[in-house]
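Note that chain A is present in both complexes that follow, paired respectively with chain B and with chain C.
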Partner chain A sequence: MVDAKIVNLTIEGRSVSVPEGTTILEAAKTAGILIPHYCYHPGLPIAGVCRMCLVEVEKAPKLAPSCATTVAEGQVVRVHSEKSLDARKGVLEMLLINHPLDCPICDQSGECELQDYTYQEGRNDSRYREPKRFNPAEDFGGDVIYVPNRCILCTRCVRFMDDVAHEPTLNVSERGDRALIGKFEGKDMTHPWAANVVDLCPVGALLSKDFLNKARAWELDRTASICPNCTQGCNVIMETRENQVVRMRPRPNENVNAFFMCDWGRLNYRWMNEKSRAEHPMVRGKNGLVATNWEAAISAAARVLNGKKAFIAASPMLSNESLFLLTQLMQAGGGSGTFRVTEGEEAPLPGVEDLALRRERAANVYGAEKLGFKKTKDLLGGLGQGDVLVIAGEDLAGIDASAVARAGDVIVISSVLPEAAGKASVVLPIANFSEEEGTVTNLRGRVQRFTQARQAPGETRPSWLVLGDLLGAMGKQANFFLPSEVFAKLATSNPSFAGLSYDSLGFRGLPLVDAPPTGPKAPIAVAAR
Partner chain B sequence: MGYPHHPHPRETTVLSKHFGEADARTLDGWKKRGGYKALEKALGMQPVDIVNVVKESGLRGRGGAGFPTGLKWSFMKPGDGKPHYLCCNADESEPGTFKDRELMRWTPHALVEGCAIGAYAIGAETAYVYIRGEFTEPLHWMEQAVKEAYAAGIIGKNAMGTGKRIDVHVHRGAGAYICGEETALMESLEGRRGNPRIKPPFPAVSGVFGKPTTINNVETLIAAAPILMNGGDWYKKMSLSNPKSTGTKLFSVCGNVQRPGTYEVVMGFPFKEFLYDLCGGPLHGRKFKAVIPGGASVPIQTMEEAEGTLMDYEGFVAGGSMLGSGGVIVIDDAQPMVTVIARLARFFAHESCGQCTQCREGTAWTTKIVERIRDGEGTIEDLDTLLDIAEQMTGKTICVLSDSCAVPVVSGIKKFRGEFEALIQGRRFHPVTAAVA
Partner chain C sequence: MAITVKVVERPVNEVSYVRAALKGMGLTIKHLFAVGDRVTIQYPEEKSPISPRWRGTHRMLTTENGKARCVACGLCPTVCPANCIKLVPGEDEEGNRYPLVFEIDEFRCIFCGFCQEVCPEEAIHVGRHYENSEYSREGFVYDLQRLMDQTHPVCEMWDPEDPKGE
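After this line comes the complex of A and B, so read on.
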């Protein structure tokens, strides 16, 4: 930051110091005061149309829209004065006169800003006696449905498509109280980032088809996580209902994804709820694989591995912690590790610097490479005759059983039992991405934490715990009770991770010591149009 | 008003001198009447001197707000390295106002000249005339005048042979009232939806295409030419009451009067004499009941208020209203006030751009309530609700359309509450039934 001039002002009796050019609304946030607003969004250009954020500025003749008014030295701002409360009450009443009040059947209910502010400072009743305006719901294409009756015309969606997605798709059609959000002729919401308008919509006017009528907001459990579906590593909130992931939504992080996430990442969560899982540790007996207890399975695996060369086929979905422990396993017998990654088309979000749905569709490609796993197309190409093949999270899709046959022995450490691993002698079932805690490293070398969103089925254990126990059984010093301890070990043994810890990472993440330098993400040009 | 035009002897015709003279529309005819002399003089002056003359004249904006024109022009800093623009607001859509239409119909060259002078004075090379979409006839004359002026080298790359560039473009709007709001006009001119912009930044800092812009009303720009020719002092002396209101003003009169039309009087003319003498008084057998003196968005005056009013910026304020655009709407005792107010409210609800919540919802809600009262379905609480909605609609939005809708409602309820209550209590309005002469 260039030395910006600091401006001092008073908001609701609290003194605030912010850089020159800050809006009153943002300045109030720094003092812990949320000025109610609808059309303002920090990731979008300012519109100043909802008139909800009106505040009283001493010596100003009129109430000021705090989203569009910059701070001035010595300003005295009253957010909750009688005058500003009265104005906001008026706006809320006006917004509600044509609002259907169908909260009991509205998906947004419970996370609706119109509900929240109405309960907070709205009128108890309405004086509106006239018929309400009605417009039919419209399918906007992609994952988006528009319910015009609930719309408050904040135009966040229009501005997102125009100024962030750079693909003008939506507009305000008609005028006055007939106004509604319209779609340009021949356009629809199939832009790879279009579903963000559903999150941006402060009310239930824009809904996700995927989430439609699936759950009420208050039934959801919310977990801070990372989207595992590509190497961008967008920060997300993983929402579960009855132990099923039902929705992923972006969690703001100005260094990674600003306020957004792509549709592919957002909608690709069903694999985390996979039903046909490996649920019990198994060891091969005379009649094939037989379920056993963890101690027996771990020691069986340790016996298989001891003194042998291990070839590890890892999944780039695994955490830094698990991959680190796998490298320990590798080093024990002079083995090697590879991984492969599925690819798709890259889809950038032009309005935000360095944000895209990436070509490589896995969470921890950078981490895996950094920890010494080789990226390859031919996963088992390097498997030597007689090596112990350790399948770690890899599904072996498209790989022939004959390729596996080269291995002297097979150990599967996975959530799902791959078909090609039919001759495995030990199966150690592990939790999947949504069921354990850990860190992943995104394509810019940023290490970010994710936490457990759902409970793993059966006797499944977190991968870092299983691998730690296995190393212990092989006589290694590996006594881990928490993933943070694994990470601490990683930080002391790998110079790239030096100095990092769960505490310092927090939930915004930090770059690796040797990560390529990336400037702070420039927020999109916030200017009145 | 019939043409050929015979001005009333008490009128002072400066701008409307050549109304009704078909010949004045052509370049030759206009030159014969002394046209483009002022531009010639202006191009020989320093821009800052032109601004000073206009400042001295006391000319104030004729579009409604009455902002001092010279001061507005002086906001345009010369030599800031940016292109400047002049906008002429010819989107005259205020109900009851039709003075700019007459000016452009009869003296299109006067506006071309005014634009050229204004553009030169503020350091602009381009002037846009944003003309209302419905003004087909004025558009025709304006386009012809611009064409003639270009052909004669009066404007263009080398305006009047002085080497200075002045371009005038006529841009036709699509017929939205809101595009008469200065920033909405600029949005529309740029090709976008005509939504007013948040101020600041003001047009003088960031206007058309993000560049410093001055926007003036048609009448204001046309007045610049006679001021330059006769001097600021001459104009300043044309004032019958308050020295802050100078010059002549065109008033367009419509409604229930004997002689509706456009009248030009000196600022400070007594409104009573204007209505009864110049406009010929009420229709046969009727009585004046109320006047809206400055277009639909100013408060309604009762006859008592109107008769004591002097016609200038301060005089109308003292009389409980505003000068506005000078569109005088006269309402007589045959008109039910609630119907008049319902019609006005409906106009604003129809024309609201719909950006701001209070305006989008409030104008429509107001209309629905007033129409319900008009139809005999109102309750006495509705009046309080209306006043409260009007309060919410005042001073809280980006532009003043919402305020404009509240104004006739509030002034109507305050000054003619009896008519509202009569309808609410089930008493029908009985108009004076008199034969119209």
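After this line comes the complex of A and C, so read on.
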């Protein structure tokens, strides 16, 4: 948008300069003024149906809907003038006429825009005394449940299914005060991206069945993270309650996932709350594995590894930092490393360029390949007789103990103790994806940071710390106190990561030096329906 | 220089304690024989009246079918300044929002009555009740069933005749 003409206007007494064609609502956002709105969403086409964003534009005959009015040179916009406040108060009163006011039992309570704006600028009480209309709640299929009484008919969900998912499923049925969101005959919300309507819904009309009645919005702790469930690397907010991940929601990033995430990734969080974990470092004694302290376990592992060829079975869920340290371990004895990845069906979201639930269902497949791990179906195929097998984060599901038996020795660096690794001589328990900090590389070569959402159980330690200590015990120069230091080392030793640091990555990520160029995703065509 | 203290000479009738002691003893003896206007309350047979706004240990009110009125909205644990309410929301057999766990630690409670004031369903109440004793500390963590089993009258936060306190 470099060549677009710049328009100057005044919003609430502040001068704003934005490119031609911007709406007043977006222009106000750049000046730090939020104009209340329901039907407008930056990821959807403009509808202009809720009338909540009415503002006063000087010299215009009547109030203008700011989401559908483009800026003009010299315009003077008043968001909080008496006239516009009065209009919005009227809109809110109308919206609340048939609203059941059942906030105590509504899941949206606390993150509801109807609540927020009513507190901000609505009436204190209702003047409506007649009985309210009632419609029973309806199961929309998939993860979505619809409560028509709470609906304000903003049509965000309808537009998402039509224009972003390209699968028309929802419509506005009936008219007047009887209007409600309906489903087309024979259709339901089983589209792989359908649950996004729950996030889009500004009120509690569309709810997630998975999250229903589980927690209140204000009790949740929110952490910026990356969805670890496929190679797309959607930016997410991991929400925890009492140290349990209870929900994942998309975090906008126009370079990766726009405003959305798929249902599969969204609902696949339970493994992060796994209860049966390896919690203490263990070393094999006379009577099998015995819990010990970290120093003893690390030095025992270093003794096992020293001078031997290490064969590393890594997990593509591990961060770039941990995989990098594993490659150092590999180089120490001239070993090799492999990983395998579970696959599923690819499910694109047609309305957004280059966004899909990817076939490969792990966070860091691209990063692991970049760092020199070989992707293979037969995980332990390359394991030589007498090698030291290092199992890093891999659960060994479907691999029987006889394949492991070829190894001269086994070291387990995992959050869960794999059954097939029964003869492990050292177990170093590590934190899982939601319990540590690091970076992952998505399939377009974009390096993105994730942060710690939960407390790790027992004596477990972050994987980068364990591997750093292990390298240190083997006499390498590897004293790391922060994951950013590991990343800095990675950036100096791997040309693909050159110039990147935690500070420059921020929370939106940056592509690798040699990643194929990808521009920002084109926003959805802004057109009135 | 040595410190000197000036000793004030006072009349004997002012410094003597005999008169005051006799006066006090006179009052005691008077009450010993004044049978009519007793002020002692014969607790526990007799109890002193308490204010309708007394805030004591909690009680959960129930619906006609014997279920707690609570819908697990989460406002009382949020407003509680002592952080003594533990609530885990869930669903009952009919799929309605209902508390799976509702516990109040009465030891931790400061009896401010905010929970009653904030409750949109008029479910949790502080009670007009002060006689509590238990053999263990755990006994003072009241669970949902125990809160529902309480029968004492509940606190009136305001006079129903004069809700604005005029």
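Simple rule for what comes next: the second predicted complex is superposed on the first by the 527 of 529 C-alpha atoms of A that agree within 3 Å, B and C clash if a C-alpha of one lies under 4 Å from a C-alpha of the other, contacts with A are read in each partner's own complex, and residues count from 1 in each chain.
Everything that follows uses one rule, which is that contacts are C-beta pairs under 8 Å (C-beta built on N, C-alpha and C of every residue); 3 or more make two chains touch, one makes a residue touch a chain.
Predicted, not measured: the structure shown is a model, and the values here were computed from it.
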item	value
Combined model on chain A where chain B meets chain C, clash or fit	fit
Touching partner for A:R51 - first (chain B), second (chain C), both, neither	first
Partner chain(s) touched by A:V91 [first = chain B, second = chain C, both, neither]	first
Broader residue contact with chain A after superposition on the shared chain, chain B or chain C	B
Partner chain(s) touched by A:L63 [first = chain B, second = chain C, both, neither]	first
Degrees between the directions from chain A toward chain B and toward chain C, using C-alpha centres, nearest 10	90
Chain B versus chain C as contact partner of A:K214, first or second or both or neither	second
First (chain B), second (chain C), both or neither touched by A:G333	neither
Contacts of A:I105 with chain B and chain C, given as first, second, both or neither	second
First, second, both or neither for A:P19, with chain B first and chain C second	neither
Minimum C-alpha separation between chain B and chain C after superposing on chain A, in Å	24
Intersection of chain A interface sets (partners chain B, chain C)	none
Complex contacts: residues of chain A adjacent to chain C	103-105, 109, 212-216, 218-219
In the complex with chain A, residue positions of chain B that touch it	176, 178, 193, 197-198, 201, 349-358, 360-365, 368-369, 372, 381, 385, 391-392, 395-398
Contact footprint of chain B on chain A as seen in their complex	46-52, 54, 61-63, 65, 68, 87, 90-91, 93-95, 97-98, 127-130, 152-153, 171-172, 174-179, 528-529
Residues on chain C engaged by chain A in the complex (per definition of touch)	71-75, 78, 89-91, 96-97, 120-121
